[in-house]
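Each of the next two complexes has subunit A plus one other chain: subunit B in the first, subunit C in the second.
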Partner chain A sequence: MSDSAILKTSRLTPVGARRASLWREIFRARWAYLFVAPFFVFFALFSLYPVLFSLYLSLTEWKGLGPINFVGLDNYQRLLNDTIFRQAMLNGVLLFIMYVPLMTLLALVLAVILNSKRVRGFRIFRTIIFIPYVTNMVAAGFAFRLLLNQSDGLINQMLAVVDIPPVPWLESIAGARVSLCLLIVWAWLGYNMVLMLAGLQTIPADLTEAAQIDGANYVQSFMYITIPLMRPVLTFSIVLSTMGSFGLFTEVSILTNGGGPINATITPIVDIFNQAFVNFRLGYASAMAYVYFAFIFVLTLFQMRYLSRTEET
Partner chain B sequence: MRRIVCLLLTLMLIFTLTPMLATQVNAQAKPKGDITVWMWKSDWDNVVNSKILDDFNKEYPDIKVNRVDIAAPDVYQKLPIAISAGTGAPDVSLIEDSALGRFVALGGLMDLTEQTKSYKDQIVAYKWDQVTKDGKVYGMPWDFGPVVTYYRRDIFKAAGLSDDPTEVGKLVATWDGYLATCKTILDKTKRLCFPLSKANNDDRWYEVMLWQQGLGYVSADGKVTVDSPENIATLEKLGEFFKAGVIADQQSWTDSWYALYNKADTGVASTVMAAWMGGFMRSWLAPDTKGLWGATLMPAMKDGQTRAANDGGSDFVIPDQSQNKDAAWAFVEFMLGRSTSQAKIFEATDIFPALIPTYKDPIFTEADPYFGGQVVRQLYTQVAGNIPKATIYGEHYQESNGFVSTAIQKFATGSMSAADALKEAANQIRQQTGLK
Partner chain C sequence: MTTIATSLRIGRPPVPLSLRIRHFIENVFLYAFLIGISAFMLIPFIWMLSTSLKPPDEIFTKPPVFLSPHANLDSYTFLLQNGILRNVANSFIIALAATLLSLFFCSLGGYGFAKFRFPGKAAMFAFLLGTMIIPFTIIMAPLFVMMRNFRWIDTFWPLIIPGAANAFGIFFMRQYISTLTSELLDAARIDGAGEFAIYRRVVLPIIAPGLVSLGMIFFMSSWNNYLWPLIILKSPEHFTLPLLIRSTIGPAGRTIWNVQMAASVISIIPLLVIFLVFQRRFVEGITAGAVKS
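Now for the complex of A and B:
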């Protein structure tokens, strides 16, 4: 810039100077902004706008067609008395307790075993355990449904060989929940195990060697070295599994007919879907979605704080 | 000079417009264009195999029909989204009576009052109730489901009972009589009487029992009647069957359920279902038990009461979005308004037509080898004429069915009494729908 231009700009008020240079900065970096813009445009259109519109919708009553009627906090008030939604949240908690600790532990143990390199052909095992994760969940759901049928499913037929009476896998409340957990663990164990394997790679081998030299056995080195150092990965896995246990949709739709015997397996997501797209109550469903979001947000916050206490410990 | 130019321009304008007017006049002749029709695959197969589609193409050579096979649950998911999005809806769609109420309440369907005026007397009156709202007609009725009792002749004979339809009809004249018959059959042949799920009950059986008494989920003035004394009594009657251990606990519409009809040596002895079930059994559900079945009237609640009910039924609707409403209506009218078309479909499927002139067709007097040579279609016609009005289907059917299904599940598995279960369902329906 010429000297006179510099002099001119320095005579502007401070705010004006800042504003002018801000625009100039943007202009100078215009290509960068241009390349980054598409993402933000899509984000604004497909993420930000729907989220905000949902917030507005949650205060209204709308069928998806026709007028949108403002009803204030009516939907939220009705939600307080909604027994199905309450059951759905409860089911999420129950399912979480039933499969998350088990699956995480199993994944970790399997990862440790496969990581020890002493297992021949560990790559084959890793692939086999991982394959269910890439299987189509709808197909898997139907297959499990056939296997678990009380009267002619393969599982009960095999149990009958050892004189065990037919188990109502999908025909009872407890059975349906267990069946759902079986399906989820089958499908997600591989994914979590691979996650743990990756985490295990970050544990320096000399740590475990040093511990062994000091006389620690496998269990002790597992408890006092592996688990603490795997904290971040474990946290990640558990948080994902928690959100997953509340957000099951495909599994529930296929295996337990969209909510299981007597609403034993309905999840909040299934409930929201039903309210929005079966009952055409988009306002109410939006309110439900926001309450669900708030709940998951708080829960995740607690989990992160509790599980990933700093590595100084 | 200017005036000459103006005159020339006006003449040019007239000359260019006249051909357009001429084509307008010609277009009154026959509708043409492309139409997309949504129907479930089994119905499409029947329409194509019975050559009705060929006949339609002959009569309307300028209309091209795009066939879309789509299952009913998918229709109910995709159609509302297409309607509210403003694009993607077909020109014609098949919808079951049970879902129609929701769609009429949602809006977006073409008003067919004018087009259907000439058919008012030709279609069973009860079907018009299903498709009309506030005096406007939103769908063209196709079929409905007169409910009968299907029974296995060989099992009844093995139990020492008659297998003649009239005699069996006497045995199952009431639900109590049916229960006694079931117990006899269980005693003598160890066979279960009919399939009905406990923990996965879908409420359809109970709805049939309500329908025959003219009951339903709401009263005529819109109050919830799910927990009325009559509804509770009906559920308790059904409960007697659960307690007696005569039913096969199997979820409907699963492979294991189909096997109960299809396997001659391990199947059930009977069922109470609509005419379309007979058609299904004959064509794909239970072809292996051909010749072993018979049909008679369904049981009444009490001696002398109605032995007729409806289960199911479907209609064609034309979404407002359609760009080709004339061609769409031509299709609908050809399929459903002509007794030749309806008779052909009925012959293949036992999908019972709502079009009254069809009943004169000779197939209604044919013996059906699947039912051991019985003239079942006469039975369906007899039942069809007696179906009472009931308030089962409607705007809130889907939801009500869901809550009542849960109530039946709780009752059947023994965790709640009929009264408590239905009261809970009723209150949930009231809370969700705002009805009293």
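Now for the complex of A and C:
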């Protein structure tokens, strides 16, 4: 065992001796404390302090310069009637409803297809589907804007071949939401598929084979063996996708110019960014950030509990 | 019994014709699906490249043309003349510095949590994991104020320092280092090596593959970051590539598509090359945390 390993103190030692041995343990492990210390120092300085400062700011009015006026819960009260913020949260919910089931289903189906040894060129397909994940969203967002151009974009010209009239992808409310959903499916499908492939590979092949010998058809073995065993990975993927659908920034600021048309695609982050860095209302922005955080926190907790509880059955 | 015996002799049970036809039809659908998805994934890249080579008046031709007869590298030379190499260098310097510094602190912390026993370790590690739920949104405004007080606005420091010792990296390295045996460490200790020397001379070389996986994730997230550089960097000569692409919008909001797409191509290529070369390591790095937790 290593030098810094600690011998369990006997229960019979008197309290004073135990305290002395605790100090000795700490002293012996001084290098370990030194090694993990940078995280706690950085966290205190660059996360904990801003989080607390933000909480204080949320109770104030501050332009970023000059005096900080304490206003109590005014910001939170004003937030209740903020139609743009409400719209931003609602957009998050709408995107969540469109995006999360679509993404989960597509990624799972693709992973199952690529995991079955039926398809040749498995690696090529996996690589192609994964490439968007390493692409920066500014480049991708502009490329989508170019493709989805209403009058002359490639997509509408392709649709014209099969006699579909030009779709106002980025000019209409529904179109912009669908376009945003397409963009994030494009960007994240490879990531989620690779996660699920890794999950599938942890399932022993003889398990599904045994079930099929026992007469289970493909759908049955998928429903009763694959899905339950995939639950941890599915949970992880769904929770991340959910956070993602509320936490968009670059996607929206590029593809729909920061949330257009008429705020149909504005997200909480874009709204908070605008309040903090365009309108310089740092107190109000902090209150928004806290409400957003509370919402995401509860949603994540709920999802994790719900998704892992069904696991037990 | 007889059917099993004959099939053993032939090597494989005879597949009835109807089943072979069904398999064939299924395969057609499978490949059609996969090719459709692949096209969806590739079209933006193809169109980006194609547009970057077009003269401005041929960007929205009807019918669309992939390779215009007037294809040229004008947009790339325009970008070079306007100093895009400087932005490429900015992106590289920031991403490399952030990656190396983070790898140092994260491997050190991961090593501390993986191979030592010390009072309070479990609580400290649980706390570390808990910090991962704090979204950047809640920090960004006060952190900006802090950076302003440091006089770090429009410098590279805010893009390198605050994220250096991050919880995800330490969690990742802890998982990685836990799987290694302690024999070498003990041997070095018996030889009288100091603890930091053991980290540097024994631990670092063994965990090199893990450092590559994690380093690629760090490099990618720094290279592709948009929100934080947008808040911090003000002067165009300090812009990273994503900010440069954003700033190539012409006067009165008119988009110079060919130049913008050329800048996009330039911003994508380095990561694409890294990804294609180290694909396995990269995928390992990305799935490592997810499958376990």
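What we mean here is this: the second predicted complex is superposed on the first by the 284 of 313 C-alpha atoms of A that agree within 3 Å, B and C clash if a C-alpha of one lies under 4 Å from a C-alpha of the other, contacts with A are read in each partner's own complex, and residues count from 1 in each chain.
Note that in this section contacts are C-beta pairs under 8 Å (C-beta built on N, C-alpha and C of every residue); 3 or more make two chains touch, one makes a residue touch a chain.
On a predicted model such as this, the values are computed, not experimentally measured, just so you know.
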Just checking: does A:217 make contact with subunit B only, subunit C only, both, or neither of them? Give me first, second, both or neither. neither
For A:232, is the partner it touches subunit B (first), subunit C (second), both, or none of the two (neither)? second
Tell me which partner A:277 touches in the superposition: subunit B (first), subunit C (second), both or neither. both
Report for A:149: first if it touches subunit B alone, second if subunit C alone, otherwise both or neither. both
First (subunit B), second (subunit C), both or neither touched by A:286: second
Let me test your reading of the model: by the given contact rule, A:110 touches which partner, first (subunit B), second (subunit C), both or neither? second
Could you look at A:173 and tell me whether it touches subunit B, subunit C, both or neither (first, second, both, neither)? first
Which chain makes contact with more of the residues of subunit A, subunit B or else subunit C? C
Mind working out whether A:132 is in touch with subunit B, subunit C, both or neither, as first, second, both or neither? second
What part of subunit A is shared between its subunit B contacts and its subunit C contacts? 64, 146, 149, 151-152, 277
Quick one: which bits of subunit C touch subunit A in the complex? Just the residue numbers, please. 27, 30-31, 33-34, 37-38, 40-45, 47-48, 51, 59-64, 105, 108-109, 111-113, 115-119, 121, 124, 128, 131, 133-135, 137-146, 161-167, 170, 182, 185-186, 189, 195-196, 199, 220, 223-224, 226-227, 231, 241-243, 245-246, 255, 257, 260-261, 263-265, 267-268, 271-272, 275-276, 279, 283, 286-287, 290-291, 293
Which of the residues in subunit A come into contact with subunit C in the complex? 1-6, 22, 25-26, 29, 31-36, 38-43, 45-47, 49-51, 53-54, 57, 64, 106, 110, 113, 118-119, 125, 127-132, 134-140, 142-144, 146-147, 149, 151-154, 157, 186, 189-191, 194-195, 198-199, 202, 232-233, 236-237, 243, 247, 249-250, 253-254, 268-269, 272-273, 276-277, 282, 285-286, 289-290, 292-293, 296-297, 300
Under the touch definition given earlier, write down the residues of subunit A that touch subunit B in their complex. 63-66, 78, 81-84, 145-146, 149-152, 168, 170-173, 176, 257, 261-263, 274, 277-280
Any idea which subunit B residues touch subunit A in the complex? 76-77, 80-81, 83-84, 102, 105-108, 197-200, 249-251, 254-256, 259, 398-399, 402, 406, 409-410, 413, 415, 424, 428, 431-432
